[in-house]
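Input: structures, listed below.
Both complexes shown next keep chain A, but they swap its partner, so chain B is in the first and chain C is in the second.
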Partner chain A sequence: MTVPLEDLASNPFFVLGLTPAASPLELERQGQKLLAMLQVGLEAATSYPTPFGDHPRTAEAVRQALATLRDPARRHEAEVWFDLPAPSPPPRQAPRWTDLRERLGWR
Partner chain B sequence: MGDGPRYLGIDLGTTNSAAAVFDGHEVTTVRNRDGALLTPSVVHLDRKGRQLVGARAYRRLEKDPDNAHGGFKRLMGTDSTLAFPAADTVRSPVQLSTAILEALRQDVADALGFMPETAVISVPALFELPQTRATAEAAEAAGFTKVELIQEPVASALAAGWRADDEEPGPWLVFDLGGGTFDASLLETRDGLLRVVGHDGDNFLGGRDIDRAIVDWALQQLADDGTPIDRTDPAHAAALRRLLTAAEEAKIELSRRQEAELTVFDLFDGPDGPIDVDLALDRTTLDALAKPLVERSLKVCRALLTAHGLTPPDLRRIVLVGGPTVMPAVRERVAEALGAPLAQGHDPMTLVSRGAALYAANAALDARPTTDAPNPQDVRRLWLQYPTLSSDLFPHVAGRLLDGSGPAPKAVRFAREAWSSEWCELGPDGGLVVMLELEAGAANTFAIEARDAHEAPVAVHPSSITVVQGISLADPPLSRTIGVALASDQVQVYLERGTPLPAKRTFTHHTIQSLPQGSEGALLTIPIVQGELERASHCRLVGRIEIGGEALPHALPSGSAVEVTLEVDRGGRLQAQAMVPALDVMFEQVAHLMAPDASPDRLRGQLTTLLTRLSAVRSTAGRRGDTTTIDRLYDIEWSLQDAALALDAALGGDDDAAQRARRTLIDADATLDGLEQAQSWPQLDQEAMLEIAGTGRWVEELGTQQERQIYSEVATAAQQARQARNGSALQRQLRVLRDLKTAAYFRHPQAWTWAFERAASHAHQCTDVPRAQQLVAEGRSANERGDQDTLKHVVRGLWQLMPAPVQAEAGAFQSGVR
Partner chain C sequence: MTRWLPAVLGAVLIWAYIRFVHQALSDGPPRGHGRLWAFGNTLAAWTALPLLGALGVRLALDAGVVGAVAGMLLLAAVAVLLVPWPLATAIAIPRGWPKVAYGLARLSTLRSQPDAIGLAMATASRALLRRPEPHATMAGWIESHGHGRPITPGVVLAHGLLAAHRGDDPMARRLLHAVEHFDPATHDDVVITWAREWRAAEAAERGAWPEVVDAATRLGPNAPLLRWLDGVGRRYTDAIDAPTDESLDARWQQIPIRRKLSDLHHACIGHHHTTPGRSPSDASSSPLQRHIDALAHPTPATLADAVQAWSEAAAGEAHRLPRALADLARAAGEVGLPLPPLPASLRPHVDAADADEAVLGPLELASQRLHRSLMSPMVIDPLAGLFDWMELDGLLDEVRRGGSPGALRLAFRPTYGPLTTLAVVLYNDLDQPLLSNALTRWLLALAQEVGDQRAVEHQTQNLSASLRP
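Moving on to the complex of A and B:
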């Protein structure tokens, strides 16, 4: 499980500022550019926009994003999460226990 | 070579060391003062303390074995010392490695005409943190002002894959069997970028183990002839070292011939005068002796492939590295067992140093002395960041104009022969980002041109940069998971295996007992461990952050927060920091990085305990007719016998054998633990069934959409683990299920009230009972008022005061945090 439960904003595509349409070469080029910009402290690289608001961008996050997207299976997972809508607020009610016995395997 | 940058790479090997230099075009292996490409990693001290290094010292191994030592790389990071009785002194492994590095540095200076200031030094991929740190210390002591470390298999891969862009895509394997260590790395090259997919290895498997097997064979031959040598007797230690040297020479000779003589005159004084050894060793015998070790290395390779969903036929090729891979039997067996062609045209002895030199370019470590020429007053400085080695034909350079007194440029461009970038206007913060265009497979030097608002030229420093186009390296992955051992004997994972380096992470822990101010002996210990095993005590302890009572400005109550930060650089070096917010004090560089104590007596005790546990598991397996477990117990028993033999050698003064025994015992402990867990399967299975059902109910009612989706995946994985009776996989899934349940549970309006009642019922067991009682009173009042925020605060406070299970605490390296 590489996508944190409530932190879809750390999706590697958001971190790099690209979409799942980006080729591996484009991802590497963008990652190298962002790392260089962060190293010299350019303001433009220090945050990234997401559907959940702006987030701070660090060199560690860029490296982690690149490592994730280099792995085909993990990239696929990131593509799936990229397209998911924002989470809805949870219901505020107690669980019902009507079928607990069945779920525990008792008949 | 031209006048451009020079990049130095050093392979600091167990048996031999080598240096190579990359000038942006070609990599050249540097010859030493004897004209050889390899320098034996051996140091000799005579009675006046005069030091010999390399081939000259190697020759003394035979004549003066007490005062010549090799193989000390395997002791790096331990507190062992090696004695030189003639000079009446001892040297640490770091000091001996320093001597080798000083000699190599001088050889490079003779070749290049200047003393190199920086270098990249290779270390085995599975070197633990203490060993890595010791290597860096040796380099600094040898006079290098800046050093980066690279994992040996990554260096080999870089050298083997350099400009091999016409290769078919697909994974390939570097099989690196060195003098003392074995590394297997799975790599992939795509679009000129070399990626380490994964690696594994054995820090205590190498050519020297083959030498030892030959010595064991020779000792058996001598015993059969009525000349027994007791390897536990320190009086025979020098004789055994001479025999080891002779065994190594015979092994090397057998790579070219069918038979070799193993001859040592005057090995030691027997009752009837000096004993000579004169044995004939043939290649068939050698191959038989080496076979178990080669099979061990192949087992590591197969496990690595399986871990990445691959089988041997998927491999495109295998690169062999290290002296033992010159043995025909090793080459044939590896090619046959892994079913992939061996890469041709690489020297297995110098490949690592060549790769290290290429990596130095990747890391922009120019070895030339830095010039202190003052920056002219009217020249403005640019701070530029760019890849010195790039697989991409269009890399970016980012930069910023630094403060200064000269005329400020308004725009900058980069130009090389036949190409120039557009003019790039500097941003309000003086920033610039320019895309370069490289000529493929060449060193590209760009002149940096700058102009002011009136388009008049302005001088800037630097005036040029060089980017080499070729294969480059993705961020190296961390080889072993790093974390902090908790008092519960669990591990708080900081950086998982495979995390791209460099990496840094911070977590907050809480102390489990009070630490009085000013009291000597009172110590808060935060153990740092490496490994992927469930229990902290099964992982390797690689360091400790220790905060003594005398360092505190005032007492630290139980449950105090401690923010721990662990940071690992690209070469695997660890920095640790502990911040105590209540005291506003930062404890830096407090990690005492030493390989753990491996005294033979302590290890013998562990061995006895393991044998008792093994017997209990076997007895249960026998009653149940569980033949699978009984088969696995044979493997453990075999490794315990190996550990017992190593312990015998340790008693004879062989520190290396003691470390080997330590590792073997830890591995056996972990495997036995897995089997013990498997025997308690019925309880785990029952627990899992209840957890799957219970979590499903909570997540369905109170979970988010994502949590429900994750629950569905995890529940399926847990059911699969139940069907496969895979205990460790099931434990992993159970942890995720519990996390999901907890997240959903705390969305229930009554959750904090229930949690408070539960915590309050245990208040009498807290480590600070008066404080706990105070919290309970606060909690009751908050509950009556319906003040949820205070209630949360109270519950968390009570949790922090709960005692850790005493038994677990003892096993978790005396961890003082939860």
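Moving on to the complex of A and C:
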């Protein structure tokens, strides 16, 4: 997975398991609940789903998500990049013709 | 009078051929201009050589042992002189004999215009490529034939092949691509065909099929191999206009060495079991889908699809475009690909990134070095000017690959200024009109790529001024 796709998978709404319709109060409650679950080691809290597959959830990621969503401009950015499709299957790999120059007399 | 006319005409043609051979053996620049001159030399050769051959036969049959040996030697020389170019390509190159290849190419009357020395250097370089180990002395010998002479497309091809011989494929790619910028009237058909064939083959070895298409799609004169590689490249890039199985097979059948390529050809046919091309539903899917696909699997095709989808939806997606374009550029850079050129509708949405400094810094240093060298009182070596141009060309490719979508525009001015000065110096002071003209064409293409209208007009004027009658 490329770094930009990892960044999209770190959308704070994905991390908190909420949608952009969530109110600030709901966000805070969900964040505290997840932090508590992570503190006691509940397995259900250790990962979150994204359109690109499950990702590990850490207390640090949850705190960062809450901080991001408290900033209106950054929350707007997260809302814009929330509704994402899953990637299509990879395209067929074209081969490498590793000895073509030799066959054509260039080596 | 009419009785003597054939004899006089024959004598003139023999004299013309002897003068041509003398010119070739002394490695002097070819006299005359144009393909008509080459035809005249060929006519002279084919008049003089049968007469010499007849003399050889007569000596061999009538003049005792010494005469027979002399006659046989004369016949052998005539045989070589009749078909020097086929001998160069069929024997000297495959055997790896650069000096023989050079000599035979120089003796070819058909290849004596418009770039005899450049083509001979390229032929020798191609022969050198067949040697398993790098041979610096021989490479120096080939290069020495270009000293003090105009830098022609053949000379650039030769330097490109010598770079490949040293193992420097990126430099070879740039030099062979630079051949495309020369005026088509200034190079032999073989030069452009070889340059495209090498570029296409090298790109195919890397699996860079869009580059194969780029090199082969221009096609060369009588180039069935390039036509076939163009079709293969289009199939492997899922191009909408990729040839069908039957069409690709017809192209393959025209290649003289097709047996060596049989397994590759059939693998390409087998790669696509259905009609190639994308379905209409794919083409109409959302830019977000294309974007995510490109980030998940960055390839030239997925990146081009994403850029096109964002371009078509630019009006309604302005809020997503700056990040989308930056992300595509980062994903492309991670796998060493350039982001496809951005259409005008997307350029206003580009943000320059901090990462640009990493690719712009070396470019600015190189352009400052070139500027200082142009301003110094020392006379510039034209060949050094060619390599300065190639260095900046390579650094611009780094900007295309690793910079933000707007980085190329930032790189344009530092590159454009010194190279425009270099083109003027090459033309006015160094008597290198061909190289100057090629550089001007390259600058024009760059100005068009970044959409700088003033620079486009400037280079168009320079180009028309640099075309000598």
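The rule is short, and it goes like this: the second predicted complex is superposed on the first by the 77 of 107 C-alpha atoms of A that agree within 3 Å, B and C clash if a C-alpha of one lies under 4 Å from a C-alpha of the other, contacts with A are read in each partner's own complex, and residues count from 1 in each chain.
The rule we apply is simple: a residue touches a chain if its C-beta (ideal position, glycine included) is under 8 Å from a C-beta of that chain, and two chains touch if they have at least 3 such contacts.
Source: prediction; values computed, not measured.
J.: Is A:R29 touching the first partner chain B, the second partner chain C, both, or neither of them?
T.: Touch partner of A:R29: chain B, not chain C.
J.: Does chain B (first) or chain C (second) touch A:P51, or do both, or does neither?
T.: The answer is second: A:P51 touches chain C but not chain B.
J.: Output check: A:R63 vs chain B and chain C. Expected answer is one of first, second, both, neither. What do you get?
T.: It touches chain B, and chain C stays clear.
J.: Answer with first, second, both or neither: which of chain B and chain C does A:F82 touch in the superposed model?
T.: neither
J.: I'd like to check the shared interface: which positions of chain A are touched by both chain B and chain C across the two complexes?
T.: Of chain A, residues 1, 5, 8, 84, 87-88, 90-92, 94-97, 100, 103-105 contact chain B in one complex and chain C in the other.
J.: Can you tell me which positions in chain C touch chain A when the two form their complex?
T.: Against chain A, chain C makes touches at 93-94, 126, 129-130, 164, 197-198, 201-202, 204-207, 209, 225, 236-238, 257, 260-261, 264, 267, 271, 286, 288-289, 292-293, 295-299, 301-302, 319-320, 323, 327-328, 330-331, 334-335.
J.: For chain A, which residues are in contact with chain C within the complex?
T.: Chain A residues touching chain C: 1-5, 7-8, 51-52, 77, 80-81, 83-88, 90-92, 94-101, 103-107.
J.: Going by the contact rule set out above, which residues of chain B touch chain A in the complex?
T.: 190-191, 193, 195, 383-387, 390-392, 394-400, 427, 429, 431, 433, 474-475, 477, 498-500, 502-504, 689-690, 693, 696-698, 700-707, 710, 713-714, 736, 739-740, 743-744, 747-750
J.: So in the complex, which bits of chain A are touching chain B?
T.: It is residues 1, 5-6, 8, 24-25, 28-29, 32-33, 35-37, 39-44, 60, 63-64, 66-67, 70, 84, 87-88, 90-97, 100, 103-105 of chain A that touch chain B.
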